[in-house]
Amino acid sequence: MFIAVSSVILIAIAVGLVRAIRGPSLYDRVLAANMIGTLTVLMVAILGFMTGRPEFLDIALVYVLISFVSTLAVLRVHNPGAGTTASSVKGSGEQ
Amino acid sequence: MSELLGHYNYWIVIVLMMTGFYIVIARPNLIKKVIGLFIFQTSVFIFFISIAKVEGGTAPIIEEGISVYSNPLPHVLILTAIVVGLATTALGLALVVRIREAYGTINEDDIHVQDEER
Amino acid sequence: MDMVLAVLSWSCLLGGAIFLLIGALGVLRFPDFYTRLHAVSVCDTLGAGLVLAGLMLQGGFSLVTVKLLLMFYFMMFTGPTAVHALAQAAMQGKLQAVVDEHEPE
Amino acid sequence: MENLINDVLLGLLMITGFAIVRMKSLLGVTMLTSIYSLLSASLFVVLDAVDVALTEAAIGAGIATVLMVATVALTTDEEKVPRHTPLLPLLVVMATGAALIYGTLDMPHHGDPLAPAHRYVADSYLHDSPVEIGVPNVVTSVLASYRGYDTLGEVTVIFTAAAGVLALLGYRTRGRNIEAAGIRKQVVLRVIAKLFFPLILLFALYVQFHGDYGPGGGFQAGVIFATGFILYALAFGLGTAQRLIPSQLLRILAAAGVLIYAAVGLESMLLGGKFLEYRVLADDPIAGQHLGILLIELGVGITVASVMLIIYYGFVSRRH
């Protein structure tokens, strides 16, 4: 059963990777990285149970606590409204 | 078949290593070069940790009723190497920032052109 | 009792996996950034929540379950915050949504 | 099953690597790099290296991405097309790769318990550590005690890197608070940052002092601690963060950590042992080992945290 869930998570990570590569805007990439972060947390938790030593959940906890720091940092730099370094926005919608 | 799969980890590590190496030598952008080095060093980390793995083993934290553990020594080496690697990457990025301030560009080709003009 | 717990835990895990799959499909197939936000939210909340709940039932009364509970609690904060910040940034960055131009008859 | 996960994760890493080569937007590359390090952290868990995974998690999810983003912000986002043809580099890379793959053919298989790497010191570490050191986490006992001298060198390297970044970027300590302007409107982010800042610091302390029994230790804790302050600086501006923990204090702390480490070594020499021989620190050898490991992990944690913050301050306070 853990096998089923972990393969689903791997598939979802692969899909997120496709989205991160295809873009088209930076926001899509950040979103994909964010989703892969969540999935990694779940993956690590399930791996702990799979190997029979679930006490190593600290790794997953670290991710949950600090993964959105990088999201904030990217938005800080990229977001012209935030007033720090106003770089122009590239991805201008799809199609 | 097992002959092939037995080295799968190492081969992927080498592909990753070469990806980083390619970025470093083929791309003129200095930030890209630093990221190439980052990929290269992560591939070395994976290589060491792959060596440390023992079939059927578990994390090297001693517990009652477990007899097979993975090799802790590469873990120690890589644990410190990751933090040192980040510190040195930061140093590289700081150099990139200063180069940008001095030359106005982080493209290696443009920097060479400017150097020749001087 | 153990049987009931096992069945409950497995159904939580399976349900979570299904929601993760749905979210992933949405991230891949939806036409623009704003719709994809919805898909990611499905992963972040229901998918992750159910998987963690399933694991909690496996863990029983132990430190492991407390850690899982903490993870769940933090995730309920970080996920929506990150998505909110992203949506706001995209709005300010003038990212266009894909709109169906045809008015319904 | 674990082998399958291992293979799939390696495949995904490879795809990410190729995508990084092809992508032109440097911020996009930064996001891919963060995905790359997420994937490698999961791989480390599969390969039983929980301590390493914790370090990679703490670094890849936070500081590494933040630093790269800061550099892109100070320079430029777009990568120009290279002027040379990539043919020669490609050839060099192919040849090197082929040579390396040829080299692996003689290596023992992945996971082989009889491989030479496992036959010398590893067994003695695993067997002696619970008796000699009394710490369940063998990684911590090897890091802090058996190879303590090595780790002292690593901490010194980290300290030196901070000195290098300081020399290159320096500080603008003027209390400019530009960063707070943008986020003042983003109430949700500020509230969440305020909520998470103490939690991250608390968790860092847990990782610091629980390192004897589970994954953790000074290196990881230091990085997590610094990430907490980076979150604070991101949400409330650099000026506010510098009022909380001034750069002068950081410089003193970074040096103090290394000095604590070396002082423990000297103290054990004064008490009649060798350099960094902790068992002389207390009456009972095992208590001495515990005390020594606690102190040097504290030194490592202080140095790593302050070095990471020095580097962050250096990058962010530099505006063009």
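Letters A, B, C and D name the chains as they come in the text, with residue numbers starting at 1 for each one.
Rule of thumb we're sticking to: a residue touches a chain if its C-beta (ideal position, glycine included) is under 8 Å from a C-beta of that chain, and two chains touch if they have at least 3 such contacts.
The structure displayed is predicted, hence computed values, not measured ones.
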| item | value |
| --- | --- |
| Remotest chain, chain D as reference, centres from CA atoms | C |
| Between B-D and A-D, the pair joined by more C-beta contacts | B-D |
| Computed distance of Cα centres, chain B from chain A, in Å | 21 |
| Separation of chain B from chain D, taking each centre as the mean of its C-alpha atoms, in whole Å | 13 |
| Centroid distance [mean C-alpha coordinates] between chain D and chain C, Å | 29 |
| Multi-partner residues of chain B (each touching 2 or more other chains) | 58-59, 61, 63 |
| Per-residue overlap in chain D, given as positions that touch at least 2 other chains | 30, 48, 50, 70, 72, 74, 189, 196, 199, 214-215 |
| Chain C: positions in contact with at least two other chains | 74, 78, 81, 85 |
| Which pairs of chains touch, using the document's own definition | A-B, A-C, A-D, B-D, C-D |
| Chain D-facing residues of chain A, complex | 3, 6, 10, 13-14, 16-17, 20-21, 23, 26, 29-30, 32-33, 36-37, 40, 43-44, 47-48, 50-51, 55-56, 58-59, 61-63, 65-67, 69-70, 72-74, 76-79, 81-85, 87, 90 |
| Parts of chain D lying in touch with chain B, wherever the complex brings them together | 6-7, 10-11, 13-14, 17-18, 20-21, 26, 29-30, 33, 36-37, 40, 43-44, 47-52, 55-56, 59, 63-64, 67-68, 70-72, 74-76, 79-80, 82-84, 86, 89-90, 92-94, 96-97, 100-101, 104-105, 107, 109-113, 115, 117-118, 121-122, 125-126, 129-130, 136-139, 142-143, 147, 150-151, 154, 157-158, 161-162, 164-165, 168-169, 213-215, 217, 219, 222-223, 304, 307-308, 311, 314-315, 318, 320 |
| Residues on chain D engaged by chain A in the complex (per definition of touch) | 1-2, 5, 8-9, 12, 15-16, 19, 23, 25, 27-28, 30-32, 34-35, 38-39, 41-42, 45-46, 48, 50, 53-54, 57-58, 61-62, 65-66, 69-70, 72-74, 77, 178-179, 181-183, 189, 193, 196, 199-200, 203, 206-207, 210, 214-216, 220, 224, 227-228, 230-231, 234-235, 319 |
| Residue ranges of chain A touching chain C (in the complex, touch as defined) | 1-2, 4-5, 8-9, 11-12, 15-16, 18-19, 25, 27-28, 30-32, 34-35, 38-39, 41-42, 45-46, 49, 54-55, 57-58, 60-61, 64-65, 67-68, 71-72, 75, 78-82, 89, 91-95 |
| Residues of chain B touching chain D in the complex | 2, 6-12, 14-23, 25-29, 31-32, 34-35, 38-39, 42, 45-46, 49-63, 68-76, 78-84, 86-91, 93-98, 100-101, 106-107, 109 |
